[in-house]
C-alpha cells in the first residue's frame, strides 16, 4: 500500500473530474493506494511524506508557489497532471498581459457591482504563469486537457506498481 | 580606350603630378571626415592657393590610424600629422616651405604600427585621390585588366588566381580560384559577378575603407573576374549606411565608363563589362550570399537552402560569382605581380595579407594590413600599441557576432584561417575587438546575441526563436537568477542552433557563447544561483 | 492575350513623386527596383507611408504584401514619420565597448524617448545604428546628420538639449 | 529518367533522379517529420524539422529540399536528430500562444501531431507569451496570430496556386508575422479572392473557418497537388 495525494493549483478542476471519471476503477486503485491529501477529501495539512502526488493546475500566485515547493519537499514521486500543470494552458493565457491589466479587466471592467480589486486574503499573482516543472523538479508529465480517465488509470497502475510509464501513451496536449 | 592609351594617360598624369613641389594628402575616409577633414582640406587648399599652386592638396584614402584622425600626409607619408584642425593649415604650409615639420602634430611613421604592415590591398591608400581615376592610373591602375584581356586566356587568369592561394576575405576562406573555376564551367549565356560590400559586422570597417580609398581597385578586380568566368554584368551590393563609399563607387564607375575601361570592347577586345551599384538597407543577413541575391532581386533578404549554390543558380537563376570587396581588391596585384609573388606572403594555406579593423580597448585604433601568419600578440602589442590606461589584455573578438574570443594564453597564435578556427573563432571579415580586464565575457556574449537576434531574418525556427531564447537565458544569467539547469539549456540550444539553422548567420550565432564558455566558463558559473563547479566536458 | 497594364498615377502632385517615379523608370519599372524605389521614397519624404508603398507596388507590379514585407524587413526603412530632430546612437561593437549603452540610457532618462521612439510632441526621434563605421570615434552619435565623436552621457544630453532649444533641425 | 541508388538508415534504396530525400523516404515508409513542407508547394527548408545527416557532408541538410545523389548515405533518425527535433518543436510551442485545449484545430493539428510523434510532452524553455493580433474582419475566415508558426504555407499557396499573393511576411526575426496586403484587415483586402486555400493548408488553428468551435476545424490540403498537376497539364 502506498500513500497518494492530489493537489489543485491554478486549473479548472477538470483533471480532478477526470480522476473521478475512473468510476469503479477508483476502487481498484484504492486497494493499492491510500489517498492522504486531496481537495476531494478532508485533510487540512499535507503529510510529512507522500509516495505519489498528482498536481493539477499551473503555478499562478505566490500561494501556488509556496504550495508546490512544500509538496515537492514532502513527495517522493511528483506527477504534473494535465496541460495546466505541464504547459500553463488556459491559466497561462494571461501571461501576455501585465498583472495590473489582468486585475483591472477582471475586477473593474467586468464587474457588475463593487468594482475594485480585492485587497485582502487573495494571494498576489506572479508576473507570469509557469508550468510546475519550471518551478520544482517533476518526475512525470501527463499532458491532456484533461488527460482521460483511461490515461490516468494507466499512469497510476504503472506508478503504483513501480513500473516505467511509456510516454508515447500519454503524449498529446489538448 | 586602346591599350597604348593607358600608358599615355599614366605618363601624362605622372608628369602633371611631378610639377608640384609638394603633395599634401588629407584623409577623406569616413572616420576623418566625421572629424572635419573636408574643412581641413579646404583650409589647406586656400593656403596653397595663396602660395601659387606649387603644392597639390588632395583627398586621400584612409591611412589607417583612425584614432589619431583627422590625419594629413605630406609627400607620400614622408611626414604624417595627427589630430589636425583647420587652424593648423597655415603652420603646416609654413613647415613645408621651411622644410621643418610641425613638431607637435607629427606622428612618427617609423613605429611598428607602420613598419610591421604589408600593404597590398591598401597600397594606394594615403597616396591617391579616390575621386580621380587619373591618380589610380598613374599608379599603374587598370594595367592588370589590360594584361588579363590582351595577354591571358580566361583559363590562365583563373589558374593564376588559383595558384596564388587567395581565399575569400569575407570570412569563410573558400578558395577564390576554385569558386571562379566552378562558375566559369557553367554553361549559360548570362552570368553575373557580384561584389559583396555589405560589411555588416559591428566593429569592422575594412571594406568600407577600401571602397572609399581605392574604388577602382574593386572595379578592376571585378572586371578581371568577369573576363575569367564569362560574365558581362557586375553588381556591387553596398550597405546604405556607407554613403561615402557609394558616392565614390558611383563616381568611379562613371569615370571608368568615360575612359571606356568599363562598357563595350574594353581595350579594343571583344570583352564587355558593366557594373551597377545596388544598395542594401540595413540587414546583416544580406551578407549571406543567397540573401544578398534575394535583396538585389528586390526581395526580403531571406537566405535559401544551398545547394544549388549561386555558382550554379544565383542572381535571376543564372550562374553567379560572389566575392567580397577585399577579395576582389587582391586580384590586380595577383595578375600584375604573379601568383608566386602573392603566395610568398603569408602562410602555406593562408596566403597574402589581411586587413583588420582594430577597435575597443587598444591604443592604436584603426585599420591595418598584415601578412597572414603574423602572431596575434604582434598585432595587439606591436602594431596596436597594447592596452591603454594601465589595463591588462583579456581577450580579442574576431569574426564579430559569428566569431569567437581568443584569450591571452593564445596570443602567440598565428593569424590564419585554420589556426583561428582551431581556437573556436574565425578569421571573419577582419574585425578585431579588443577587451581589457574590465570586460565581462557573459555580457559580451549577451551583446552579440542581441545582435544575432535582431538580425535574424526569421525564416528558420532555430535561428528565429533560438537566438531569442538564448538572449533571454543570457540575460537571466547576468541577472543572477539562473541555475545550472539554465546554463545547460543554453548549451543545448547553442548546439542545436549551430547544427540546424538554415544559413551561416544562425549557424554561427552561438559562437560567441560557445567560445566565451570555452575560455571563461567560470564567469558564467559565478553568476549562477547554485554556483558550483560543473565538471569539464 | 497581354494584360493591359496601366501605369499607376502618383498619389498627389507633390513634386517629390517625380523623383520616385524617375528612380523606378531607371530600372524599367522592373520588380527588382523595389528596394531602390523605397530608398528614394525614404530620402524624399523621410519615411514610407502606405500610399507611397501602394504607388511603388502598383508601378512595379509587385504584390502589396510583398512590398510591405520588404519595407519592414530592412531596418533602414521607416514606416513612421521621424521627429524634427533625430539622434542616432551607434551600437556597433567598438561603441558598445566604450559605453554607447550609457548614452542611450541617459537620453531615455532625460527625454523619455527610447530607441526607435519619437517623442509625443514630434520633436525628437532616437535611433540606433549597427555601426557607423566611425569606430575610431567611439562612442559616436549622429545628431541631425552631424557625427558627434567620442560622446559622454552628459555631452550628448547637452547637445540634444541645444538642438531642441534652437528649434530648426 | 535515370535511377539512382542510395542508402537510407542502412537500407539500400533506389530512386528517381531529381527526387528529394523526403520523397524517397516517404515512398519507402521512412518517417521524417515535416512542417513547412506541403506536397505541391515550393519547398523553403525553413522549419528544419526534416533535417537529416548525410555522410560526408558538413552539418545537417533539410530532407525536403535536398536532392538525392548516387551513393548517398542518409541517416534520418539519430539520437542527435531526435534531440534537435524535440528542441525545435519546443521553440515553436514557446514562441506563440498554443493553447491546444481551446483551439479550433485541437486533434486535427500538424503541430500537435508532431509533438506526439517526436515525443515532445513538456518544455524547459520559458514561454514567450507574446501579444499577437487576431483578425476576424473577413466574412468567412479568421486569423489568430497566437497560433501561427510562420511556416508560410499560406503565403506560398496564395502566391503559387491562387496567384493572388495576398499574404506575405512582415518584419523579421522573432518579430516577423504574416500579413494581408499592406498589413490591412483581411476583410478589406481587394486582392483576396476568399478562396480559402490558405485556411486549408495552414498546419495549425491560425487560419480557420468562422463558426468552428474547439476541435471542430478539420482541414483538407490535397487539392494543392491536384490543382498543380491540372495546371501543369494544361500548359
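We just call them A, B, C and D in the order they show up, numbering each chain from 1.
Here, contacts are C-beta pairs under 8 Å (C-beta built on N, C-alpha and C of every residue); 3 or more make two chains touch, one makes a residue touch a chain.
Only a predicted model underlies this, so the values are computations on that prediction, with no experimental measurement involved.
Chain pairs C-D and B-D differ in how many C-beta pairs they share in contact, with the greater number at B-D. One inter-chain figure worth recording: subunit A and subunit B are separated by 58 Å, centre to centre, where each centre is the mean of the chain's CA atoms.
Computed centre separation for the pair subunit C/subunit D is 35 angstrom, with centres defined by C-alpha atoms. Subunit D has its Cα centroid 39 Å from the Cα centroid of subunit B. Centroid to centroid, with C-alpha atoms defining each point, subunit A and subunit C lie 51 Å apart. Among the residues of subunit C, those touching two or more other chains are numbered 66, 69, 73.
For subunit A, residues touching at least two other chains: there are none. Listed for subunit D are residues 124, 126, 169, 171-172, each touching two or more other chains. The list of touching chain pairs reads A-D, B-C, B-D, C-D. Subunit D meets subunit C in the complex at residues 159, 164-172, 179-183, 191.
Across the complex, subunit D is touched by residues 50, 53-54, 63-69, 72-73 of subunit C.
Considering their complex, residues 44-48, 51, 59-62, 65-67, 80, 83-84, 87-88, 91-92, 94-95, 124-126, 128, 149-150, 169, 171-176 of subunit D touch subunit B. Contacts from subunit D toward subunit A in the complex involve residues 93, 97-103, 106-107, 109, 112, 115-116, 119-124, 126-127, 129-131, 215.
Those residues of subunit A that touch subunit D in the complex are listed here as 80, 83, 86-90, 92-93, 95-97, 128, 131, 133-134, 138, 141, 143, 145, 167-168, 170-174.
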